[in-house]
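As written, the chains take the letters A, B and C, and residue 1 is the first residue of each chain.
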Amino acid sequence: MAAVFDLPLDLDAFEGPFDLLLTLVLKEELEPAEVDIAAIVISFVERLADRDELDLEACGEFLVLIASLLELKARALFPEEDAELAELEPEEAAEELARRLAEYRRMKDAAAWLGERLAGERERFFRVGPAPLAPRPDRTLAPQDPQQLAAALRALAEPPPQVSLSHMGLRFPPVGQFLARFRAVLGRRRRFDFDAEVEGLNRIEQAVAFLALLELRKTGEVALEQAAPFAPIRVSRSDEERKSEWTVRSA
Amino acid sequence: MDRPLRLITANPVDQLARTIEALLVVASAPLSVDELAQAADDDTVRIETALGLLSDRYREGRSGIVLEHVAGGYAFRASREAADACGRLFERPVERGLSQAAFETLAVVGYLGPCSRPEIARVRGVAADSAVAGLLERGLIAEAGRDDGPGGAVRYQTTPLFERVFGLESIAALPRLDDLGESTEEIRERLHSVAVGKTA
Amino acid sequence: MDRPLRLITANPVDQLARTIEALLVVASAPLSVDELAQAADDDTVRIETALGLLSDRYREGRSGIVLEHVAGGYAFRASREAADACGRLFERPVERGLSQAAFETLAVVGYLGPCSRPEIARVRGVAADSAVAGLLERGLIAEAGRDDGPGGAVRYQTTPLFERVFGLESIAALPRLDDLGESTEEIRERLHSVAVGKTA
């Protein structure tokens, strides 16, 4: 087991023991896509080769961990390909994989060629950028119309359009005002028609009146009825009994 | 077009060669034959003749200044003989070695042409973000449009500096890499047998 | 062309001269004798001898590359003979227009007279630093003293080039702005109060 977790790694994206790498990946502090899994496998195999006996338990543990890591990485790299690849027949999948591996192999060869090439060009020095005494060309501007200057200054003298602040001026009547009003109505009558009661008020006042109605409903002071959506709302006094019952329960 | 040409033809190629020397010593990047012809106000055939003279005059072993055909044009560089002296005074354009990831990314971009980060990651099997950022910073690759469609990924291509640093006459001077047919076939067969074994 | 070359070849400092050529063609700033000596790993007396040879080899009328002794040391330049060709190489396309920020800044400096950056920013309601830098580089405005008081800010005024570009006989020929105020002072006040409204 120890052979797996303390496996020292030296990757492009990470340097340290394997268990720390797993922790970072699980905590999402390290992108699985950044992890070179082949390098981890090589490190593990090298360590196995260094030891005399084969620790099968460690190998199994490693396989499980590395497979999970590989799956995480594959999902992170090719989120959109899950479905696409799942539809392939095994033979097609193998063909696709072979194609990709061959392409990657070619790119690795190309990378190696570039590396050798660059090493071979270390003796080639050249200047990048302007020469010390290169001519410094003037920038030339096409003829311009002086009226554009006048227009620019006029635009600067134009006061900016006033931002509408009208919504800040909306006056909301207090909900309490409607609570008192509806209680007063219910003191006189057992029921009333909400729509008739708020008729003639503006939309804001109607909205606040409706809030007051909901408040009364919440406290159990009224019962509401509506025959159909958008039909008039009937407001009625709830029975004295129910009211006291509610009072007891909520106490 | 004819008259000035005849006039110019009266000038010896020697003088044209001096003009080209002058242009190359102040240029900040390699100059193509067309650019030289336009600046020197002369025709490309004579430019090429003059470049021939200059190639002989400015060559390794004969001069500290060497004329080279690179990145689609002509440019002066220091002779290899002077590399130690140059190394004491100047940084190489790619001073610190590139990582394996950077070389692979450069290979993908160089060989496959403009491609996006997801495409590079697809080929390499590893995200290419930091390699791409490093190559951009060194000026070896540059942005080259976007993938089709709204919000398409940014594409990258190699720059003339890449060609210059790697001493390539052009991007087409990269070696062909299709001589790996055999190993591709091997990989395919091996995978094929695995797949058949699974379904059996 | 051949004979003097043979002369150099016979000279014991010939190889040093080639190294110096190489260093100078790579350098992006003039190199001093000390820098050359350090890079070439040679002594300054021999460097100066080699520079003498090179001055003769790379001189006007003989070569398109000319070795020049300037303030910071030695550098190559293009020969005067090739000035036209270099001019064509470095020619910049004519720019068609200016940005809105540039027009505003130019209008402020043109109409209100010499202004400092803080003043331009006060009148426009936004900082003017990059617009001022761009106009300076184009030569449309130039420095014109400083604001009063110790450490006063640099003032800018329009240039004769500005008048040429805008086809004005003089700065007084700018279109009239009577609608904005009787005097420069009134216009300034008005712009200032609008700008305050903008930033509020």
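We take it that a residue touches a chain if its C-beta (ideal position, glycine included) is under 8 Å from a C-beta of that chain, and two chains touch if they have at least 3 such contacts.
Quantities reported herein were computed from a predicted structural model and do not represent experimental measurements.
Farthest chain from subunit B (centres taken as the mean of C-alpha atoms): A. At the centre of the protein atoms shown, by the Cα-centroid criterion, sits B. Computed from the mean C-alpha positions, the centre of subunit B lies at a distance of 31 Å from the centre of subunit C. Inter-chain centre distance (subunit A to subunit B, centres taken as mean C-alpha positions): 40 Å.
Between the CA-based centres of subunit A and subunit C the separation comes to 48 Å, rounded to the whole angstrom. In subunit B, the positions touching at least two other chains are 25-27, 76-78, 82, 86, 90.
Subunit A has residues 125-131, 133-135 in contact with two or more other chains. By the touch criterion stated above, subunit C contacts subunit A in their complex at residues 22, 25-30, 68, 70, 75-78, 83, 86-87, 90-92, 94-98, 100, 103-104, 106-108, 110-111, 123-125, 137-140, 165-168, 173-175, 177, 179-180, 187, 190-191, 194-195, 197-198. Those residues of subunit A that touch subunit B in the shared complex are 12-13, 31, 33-36, 76-78, 90-91, 93-95, 97-98, 100-115, 117-118, 120-131, 133-135.
Subunit B contributes residues 14-15, 17-23, 25-27, 31, 35, 38-41, 63-65, 76-79, 81-82, 84-86, 88-90 to its touches with subunit C in the complex. Against subunit C, the residues of subunit A that register as touching in their complex are 125-150, 152-160.
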